Amino acid sequence: MGERWRRASARYLPELTVTGLLAVALLLSGWREPRFWDAAYLFDRSTLHMETGLLTLTMTLVILAGQIDLSVTSILALVGALLATLHVRFGVPMTVLLPFGPIFGGLLGSVNGYLVARRGLPSLVVTLATMALFRGIAQILLGDRSVMMPPEMVGIERVTLPKSYLHAPLLLLIVATVAAYLLLHRTVFGRYVTVIGVNPEAARYSGVPVARTMIRLFVLSGAMAGLCSLLLLSRLGVARYDHARGWELDVITAVVLGGTSIFGGRGTIYGSIAAFLLIAIVQTGMGVAGVKAEIQVTAIGFLLLLAIFLAKVTERGR
Amino acid sequence: MLDRRSFFLMVGTISTLLAGCKPDEPTSTPGASVPSAGASPVATEAGKKIRVVYIPKNTGNPYFDGVVSGFEEAARELPIEFSTTAPAQPDPTGQISFIKDEIQRGANVLCITPNSPDALNSVLDDARAKGVKVLAVDADFEKNESHRDGAILPTDFDTLGANQIELIGSLMNYSGKFAILSATTDAPNQNHWIAGMKEALKDPKYAKMTLVGVVYGDDRDQKSVTEAEGLLTKHPDLRGILAPTSVGVAAAAKVVESRKVADRVVVTGLGTPNTMRRYLKDGIVPAVALWSPPDMGYIAAYAAVGLAKGELKAEEGVKFQAGKRGERAFGKNGVVIAGPPLVFRKDNVDEYRF
Amino acid sequence: MNGFRWRRETPLAGILLLLVVAVSIAQPRFLSPENLRSILLWLPLLVIVALGEMTVILTRGIDVSVGSMLGLSGMMTAMLLRDHPEIPVPVAALFAMAAGGGLGAINGGLVAGVGIPPIVATLATLGIYRGATFLVSGGKQVDDYQLPRALAGWSSDGPFGADIVPYVVWIALLAAVAMQRFLTDSRTGRDWYAIGGDPDGAADRGVAVRPRVFLAYVFSGVGSGLAGLLYASRFGTVNPASIGNGFELLVISATVIGGVSIFGGSGTVAGVLLGSLLLGTISVALAVLNIAETWQSAVYGAVLLAALLADDAMRRRLEREERG
């Protein structure tokens, strides 16, 4: 037990670090601010974080493969703009449009996938460009206006399991987390992703379909953004071109905080989701304690450095 | 194998969280209807101070410092417990988490300057379901008025456009080309005023004035400056720029100063005395207008207390005493007008500090 | 070697020329001296920060904290000038560069010292520096009337009464020339290229990799710091939320459009100048052509993509030529 545990804990150091920080954050929030421990409040506030959580899952896969997708939040906004335009200008009923959320998202993601996998362009720059382009198209479609969603589509976060606070987006996140876990750690696709992240050249020589896997990754990332777009449209009741602007930084922070190497090849779904929970709880705790917004921004930066420092220091102590 | 360990860890964490959070007494409609501690108006009857929270568009915006100072003045007189908080950036959805947190912290009245008139509807409904009063301050939830209790607007928006046209008209001798530099294309206040400006221009008094265009600087420095320079390039014979937004009017002033055309291009609009002080004193800008943000905050605080105590209903014709500022009344749609616009010039700008 | 480098920038110069010609046909006043001045005034902030960003990208790094460094040093400098109006502006410029250099040194320490990946380290400091900007200023903006008049003069007046090219533009051009000399003539400059081209190989050949990488981040900080002062000069008001916010995207775009390879090891000052000029020209063109400002983001994205693809095609062609 001892030796095995030591080796496992060495290998999963970032995950253990973030789990520890999560426990500290929960205790600290509850101790400093009694109003934090209120299930109704916690579950209600968690609705604000669900899109980030879902995007964290697919971003983990993308970063694990040594890539990055800065354009997810722009895809989210553009999908919303496309659906809103089709609905309002062409009268297509929203129920018909629902499946097109992930479909449009996947199509937009395939643009990234093509440029990265087939043209060999760096994903950081490609998705930086499509981040501006996709959001720009959304802005051309909608202008600065808000487009109202039909009432029957609004309020998914208020749908809960009977006699509990478990709301639909949270259920979706739990299901997606399990699915992402299985996809990464139990399928051939997942193994390809990790192998590509460790060394793309070696992967190619050992017969891994690098380009195909990469395109699928970006399609998946885009499709998830499309799904999140539906959630956000339902939650806010309006489509806007500036939806979710800047959230990509929160998503990437969660993935990195959870121990996924930014160079690819190393990372777990557990680490990402734990880091996502950590950030959400820190933000909630600070919010209910009335901490000013600018300090909240700073705190997440420090948290990221702290986690990396802790992991580094314990690594060296061995 | 090791992966399985991490998976169990994850499932464990999530189920622990869920177990810890199950409602103690299951109610028929959990979530929305569960009142949280301290948020119910009962607390006020128990002799506790009323808690008023003001959420402006974003932090670090000097315009809202003026509003806050008015709130603080009223809070000392009333007395109430007052605090202010806001997101770091003026994103349309950024205020939602702050609203949720302040409800949980036990606010009795939320005064909000919305970043978007329609993205906050559901969180406002939640707040009001819990007995929290919601007041729009400075800008209304246009077309979504049913989601708030009342609104305190700085001045009469229906006449402000005409006022601004008269201001720039008097400064450019009622003749020549001028353009409008606004905030975003969606800014409800500015669009309301611009509609009023276009209406006012039909008056024969302004027959010799031509509006050559409306451009949008997004209330950002760089964009506003670029748009103002674009106006001067497109229209070499431009005689005036009217910017009904404080970032825009400062950018336009900066541009006419930098291009050294202040002697032939009149810049005016809405701006705070602090940002416009130097331009006014240097003669770059002859005059700008604005209402008094402190007065608005002060009146909003008095209205907030009346609403929280249940003494006041935001219905047309209902009057209330707003401390030293005198009597105000709710008008159509539950809107209170704080006061008339002020005009700042070289000789009076030093009387104002906001 | 020189011919080779120049050719990589040819498509960019072509796009720029085409754009200027097209816009001038649609709106002849685009070429008026006042309007050319507007385009020139876009340059200083962008070029000076992009030059620093370039040094970091040359070493295979990236610095996403430039906007926040610009904001924090700009705010500190503006507060210094507000509280001590007797300080001459050039001294304040030195202070701004020192402040930025200090912030850059923190980044450099995290990357080169602790070994944190660049994007992670600077992502963290992006948030920290922005928060610090609010903290040092107490959330209050510094207004135009609180700043010395000489500061605004840097952006409106030029040397010898030639206001058409204001001082700030000259500062940017001087910085570009100095950087060009530094990159080609100094040991450090050549090492940056070597490190980005092949980090392990560079270390084997005796290049002090860590100090050199550290210095690249300091350069990025110094550039951002100076740009903070130029921001105050150009826009007058220094607001903790808006100064430099989101600027990193513009800077990285200008750098990449200018042909600096994100994989490190290649890039030129001329390219960065052209990239910045292109972005500035587009912005001014949109305003002058009456194109709704809602198009700006899409146009930026499309240009960035086009530049990427053009650069890629060019690179492939050169590789083919070299082989055959």
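By letter and in written order, the chains are A, B and C; residue numbering begins at 1 in each of them.
The rule is simple: a contact is a pair of C-beta atoms (placed from the backbone, for glycine too) under 8 Å apart; a residue touches a chain by one contact, two chains touch by 3 or more.
What you see is a predicted model, and the numbers here were worked out from it, not measured in a lab.
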item: Required steps from subunit A to subunit C (each step between touching chains, minimum); value: 1
item: Contact-richer chain pair (by C-beta pairs counted) among A-B and B-C; value: A-B
item: Geometric centre distance via CA averages, subunit C-subunit A, whole Å; value: 30
item: Chain centre separation in whole Å, for subunit B relative to subunit A (CA means); value: 32
item: Centre distance in Å when subunit B and subunit C are each reduced to the mean of their C-alpha atoms; value: 34
item: Residues within subunit C bordering two or more other chains; value: 130, 134, 139, 240, 292, 294
item: Residue list for subunit A, restricted to those that touch at least two other chains; value: 143-144, 292, 294, 296-297
item: Junction residues of subunit B, two or more chains touched; value: 58-60, 88-89, 185
item: In the complex, subunit A residues that touch subunit C; value: 115, 119-122, 124-126, 128-137, 139-140, 143-144, 241, 249, 252-253, 256, 261-263, 292, 294-302, 304-305, 308-309, 312
item: Complex contact set, residues of subunit A against subunit B; value: 8, 11-12, 15, 19, 22, 35, 38-45, 48, 143-146, 148, 154-155, 158, 160, 163-167, 174, 177, 181, 185, 235-238, 240, 242-243, 245-246, 268-271, 273-274, 277, 283-284, 287-288, 290, 292-294, 296-297
item: Touching residues on subunit C, where the partner in the complex is subunit A; value: 62, 110, 114-117, 119-121, 123-128, 130-135, 139, 240, 249, 252-253, 256, 262-263, 292, 294-302, 304-305, 308-309, 312
item: Residues of subunit B defined as touching subunit A within the complex; value: 2-3, 5-7, 9-10, 13-14, 17-18, 21-23, 26, 30-32, 34, 36-38, 58-60, 83, 85-89, 91-93, 96-98, 100-101, 104-106, 116-119, 121-122, 126, 184-187
item: Contacting residues of subunit B [partner subunit C, same complex]; value: 58-62, 65, 88-90, 185, 213, 215-216, 218, 220-223, 225-227, 229-234, 236, 250-251, 254, 257-260, 274-275, 277-279, 281
